[in-house]
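Paired with subunit B in one complex and with subunit C in the other, subunit A is shared by the two complexes that follow.
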Partner chain A sequence: MAERGAGDRGGFGRGFGRGRGDRGDRGRGGRGRGRRGGGRRDEEEKWVPVTKLGRLVKEGKITSLEQIYLHSLPVKEHQIVDTLLGGRLKDEVMKIMPVQKQTRAGQRTRFKAFVVVGDSDGHVGLGVKCAKEVATAIRGAIILAKLSVVPVRRGYWGNKIGKPHTVPCKVTGKCGSVTVRLVPAPRGAGIVAARVPKKVLQFAGIEDVYTSSRGSTKTLGNFVKATFDCLMKTYGFLTPDLWLETRFSKSPFQEYTDLLAKPTKAILIENSETIEA
Partner chain B sequence: MDPDTNDIISFQELSLDKENELEELEEEDELEEYVTVGFLEKPKHPKFLLRHRFPSKTGGAPAWLDPLDLPTGKSSICDFCEEPLQFLLQIYAPISDKESTFHRMLYVFLCPSMICLLQNQYEQWKHREEDPRRSVKVFRCQLPRFNAFYSSEPPRRDGNDKPLIVGAALCSWCGTWKGEKVCSSCKRAPYCSKKHQARHWKSGHKIQCHQIIGNLETNSSSVLREKPPDKVACRLWPEYEMVIEDECAFDLEGSEDISCETSSLVPKHVTDDTYQFLLDKFEADDNKKSWASFQERISKCPSQVLRYSRDLMVNPLWPLSIGRPSLVNIPKCKYCNGSLCYEFQIMPQLLYYLGVKNDSDSLDWGVIVIYTCLASCESNVRYKEEFTWVQLYPTAPVT
Partner chain C sequence: MGEVHIGLPGPWAENCREKADHYTTKIGGLPDWPIPEPNIKRELLYCRVCDGRLCLVAQVYAPILSTKLNIEERAIYIFGCPNQDCGKNPDSWRAIRLQKGDQDSEPNLALSNTLPSEKESFPMDGASNWLKDTLLMNDSGKLNDGSVGDKKLDDLARAFSEASALSSCSKKQNRKKRNNSSTRARVGRTTAEETPVPVLPCFYIYFQTNQAHGSIDAVSSFYSSLTLKEDVYPATDTDEEEKWVGETYEYDKALGADTTYLKFKKQMDTYPEQCLRYSYGGIPLLATSNSIEPDKCIHCGSPLVYELQLFSPILYFLQQAANASVACSADGWSWITLIVYTCSRVCTSYLNS
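Moving on, here comes the complex of A and B:
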């Protein structure tokens, strides 16, 4: 297949499988497609969605991440999060760690990047990526972090005035030997935590919290993951105001099936969006 | 102590193996795989997409290479719902090694119903002896350079090109399949199936039929030109031309280095073994890995709709790891009993361009991979059926 007869090429005009030797036609290709290959910056505008969820987001049928969280739909394209959270999303590299593998010809070093993304308003994500170059690892980690964005529930310490500023209750997360405990704090207390979880909590949009950690917190990976785990649990905690039964709504992917045939009696609760009353 | 050390050793071996795998994956990526990708573009003029120009196109009606001996009967309908299949795309893929494949076109048809596609995905695992039913069909047609239908010189592209003979009558409703049956009242309008005849009748032929009969009585010698099929009414997909590019044309120059001196909270030289655990949680899992490499590959040219490569070394780009065929699942060629090889795959970006709706029951696929006869064999059947494999996204969330 690699050899192509210089004489009688198969077919007329442009066809698939023309072979490497066909450089002559590239002139047109270069002119026409140059802009596709060129600017990396206009990647976002040129995003062609690959999944159905992506197509729904691009169309504009889905306007907030909460609609996706409500139905636990897996987010497979980071551009979805980009479109929905837009410019509010900030990222930070927590650590670049070289890891090495022994080969016959010496050591092969790759770089592992830990990136945290967040919009300081209830969404955080954590991404880890290993690659040969630092820049590639960081880029990949940012994408992974966007894919793993989770909602964070915030609540009040005492009087329910103003916006929620702290965790709704005491929560604890564990990873490896590290356990991190978040305790609600009054306004103005600030984030009382070590440097590493403080960053994550700032990205989450939590303003005041007391923390307590145990275990080998020197291991940054476990420490960060334990904090992240803790934040994920904030929406998993059943508080008295969630005692009312939820009426389930139809997911964009689910067909109109037996779900609505069953009689349900509760009031519809938008359990993701409301501020705690 | 012994069991502990054994555990530690085996854990390390495991992690080394994993590193091995990762390394192998990376090395594979570095091998220059020669792949051509197809993009969609609005055609400059619909005339350019007629069959004597040997187009590669999507949507609309197919430009049949051999205009007479079209596929009929069971090959033109979905095996599940018995509706005639809808034209998806065709590509012009000549092979220069053999004389008989100077012109070579591959046509893809599929049933637009998602229910049929789900059933198709189940049936494609079955062996050929069980006579599986399909809702996605691919046809290959090839002609030598000197043939009865087209001139042996390349088309001049000056607006005067014409095919040598007029083709067979096509269905008045879809314009896709051969119109073997005719309307029983006017005896003029051809149809490919009863269903299309019924639809055309309801949407306008009822009125036209009488006019045609009237015209016939007055002027019996004129051959009535039927109106071209109404694309909107019969929901044919929008027509595009497919433009071909090499994938390596999109390799960007070395990535700009985001400054390595990014401040990290912990000094760089601190290493730790427990990061492996973190890796497992955030990276591993076969499905996610294949999805990640899929995304990376298509990020070079995100609007690609088709990937083509007849190179035997090239594997199809699968988005997921589940639902892939093994060598056993790919049958032999129906006509020459030779082996099939991967030729091209249709990407899900095409759905975006086709404007397919995004309801819960609308068409959606992960990738459609087409395997064709390695030898591109000849046989008396003009449009030979090839093998397709559909990989769908799992409907239930896979953790």
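Moving on, here comes the complex of A and C:
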């Protein structure tokens, strides 16, 4: 109780301690490959998690995104991804284009922003946002991209030497009329793709791959989404090395409710003992 | 009617069992009843599922000050069960509305001499003009936190209100009642000391009126990770084949979150710490699109109107401050929002003597 009363009068959020200092630097939106921003601002510390998963992440009970992916928990707050991936996550605006709607008073123009985020090591996300101002669209798209971060499975083309460098098998993704097919490539082949999906694949951390596309790839929005869909499917493909039976583990919620349930009983017992003594 | 009041967290209470008055709006702590506690029916304060004592989650001073209806003495108390298993069960939640009856409008009290002082002064010792309505909240679609096998986080807790009938007595009975209530109060106090009431960590709420919607877009500029220092536009495409064509407006969508939730989150981000949202007769802020319409008031049958809703930052703050030896904890709960509807006719019922 003493520690509660000590510093809580003024800054409400600060009173609980900012122990989780592992935010690090974040990438920023804008031009170019990937930027690293410097310096935090106070507003960012004020993340008050809304979901239970957010609360667990803020407390530090969940240390990696993989725990979230393993149990297919929906990520509803982009700060979760920020906390877990931290400074490794870079983002880039792929395109800002005006979209128009015909109204009686003329045309209403809004801006649509396509942003891809990734850590070049197995996590990638794509965000699309429409807004009246460019800056709003970009910010919104970065948030949506972080909410959509997925794991990407990488494998080998031939000999299993070194780190995985290509897709584990041939996978295909579709969006609209565009289908994109990713084919494993030997080391050194590089990403053999058009400029736009190449960026997505680079952010995913795939080093070598052959691609083949079909459909109206002129609609680059669909092209990018088809590539992203393809990357999502890499972990959905059952290969022989996954034939071993899964050992199910407890979901983080279950694990931590049990953990939280135990100490209270222990402490109550201690209190009653001291009273009797 | 249309104005929305946002309840933001204020200072912590020095002692979570400290007394305030029924005009305070607070989270946690002990409820400040304007009438002595034994006057309240026992079953209202106990969980319907496990029969354990309920703890106060929120106490909101909610007067109605419109031209048609003027009830200054009105408060809403929201209770929840601290038991780990009950938190998921909608039946364990309860909301009680207490208000001071308008004596001119009550046919029963027309027989008694109405003292104007009774309206102005607010005696804490069993003024039986207090009419109490209990709102029983049924939460449907509560948050499943994975333990039952449902791994979805996306849930909404709704509260439905019902008023239960308790009749108030005439002045003569008032006197008798006062005597009775005082003796009962003494007895009540001793029993209360023996079985400690579970209490959540307590903090107070201050209200702010929601500012114009135009500022919502400005909020996302708080995130420095999203601000742009360089030129906003990406490099112009030099290749002729890469004209992006055929794009139209697209609604926001992410893997784990749909449009409704994203709009909800946008509103939450205007005040990230908001715990309470009060808007009598307004529109609730929903987090999922599968909303359930509330039933009618069980006593007068009139439709229910939205009054206030609680948000999950409350759970965050309570869990941060949880000190297991003193208070019970909010760990078993995992809702995103809790909505309270009240009777639109503000019907009242009388205390049974």
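Keep in mind that, in the parts below, the second predicted complex is superposed on the first by the 211 of 277 C-alpha atoms of A that agree within 3 Å, B and C clash if a C-alpha of one lies under 4 Å from a C-alpha of the other, contacts with A are read in each partner's own complex, and residues count from 1 in each chain.
Methods note: contacts are C-beta pairs under 8 Å (C-beta built on N, C-alpha and C of every residue); 3 or more make two chains touch, one makes a residue touch a chain.
Quick caveat: nothing in here was measured; it's all calculated off a predicted structure.
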First (subunit B), second (subunit C), both or neither touched by A:Asp82: second
Touching partner for A:Val48 - first (subunit B), second (subunit C), both, neither: both
Partner chain(s) touched by A:Phe253 [first = subunit B, second = subunit C, both, neither]: both
Which of subunit B and subunit C A:Glu207 touches, first, second, both or neither: neither
Touching partner for A:Lys95 - first (subunit B), second (subunit C), both, neither: both
Which superposed partner A:Ile142 touches (first subunit B, second subunit C, both, neither): second
Partner chain in contact with A:Gly127 - subunit B first, subunit C second, else both or neither: both
Subunit B versus subunit C as contact partner of A:Lys225, first or second or both or neither: first
Touching partner for A:Asp119 - first (subunit B), second (subunit C), both, neither: neither
Overlap of subunit C and subunit B interfaces on subunit A (superposed complexes): 1, 4-5, 8-9, 12-13, 15-16, 26, 29-30, 32, 37, 40, 43, 46-52, 55, 58, 72-74, 76-77, 93-97, 99, 101, 112, 127-130, 133-136, 138-139, 143-144, 148, 195-196, 219-222, 251-254
Subunit A partner contacts - residues on subunit C that touch it in the complex: 9-12, 14-15, 84, 143, 145-147, 151-154, 201, 217, 220-235, 239, 241-250, 252-257, 261-262, 265, 268, 272-273, 311-313, 315-317, 319-321, 323-326, 329, 331-332, 334, 336
Residue numbers on subunit A that touch subunit C, as the complex places them: 1, 4-5, 8-9, 12-13, 15-16, 26-32, 35, 37, 39-41, 43-44, 46-53, 55, 58, 71-77, 82, 92-97, 99, 101, 110, 112, 127-131, 133-136, 138-140, 142-144, 147-148, 150, 195-196, 216, 218-222, 251-254, 257, 260-261, 263-264, 267-268, 270-271
Residue ranges of subunit B in contact with subunit A within the complex: 16, 19, 22-23, 26, 34, 36, 38-39, 53-54, 56, 91-97, 101-104, 145, 154-155, 243-246, 249-250, 252, 255-258, 260, 262-266, 268-272, 274-275, 277-279, 281-283, 291, 295, 298-303, 308-312, 319, 344, 347-349, 351-353, 358, 360-362, 364, 393, 395, 397-398
Sites on subunit A touched by subunit B in the complex: 1-2, 4-5, 8-20, 26, 29-30, 32-33, 36-37, 40, 43, 46-52, 55-56, 58-59, 61, 72-74, 76-77, 93-99, 101, 108, 112, 126-130, 132-136, 138-139, 143-144, 148, 175-176, 195-196, 199, 219-222, 225, 251-256
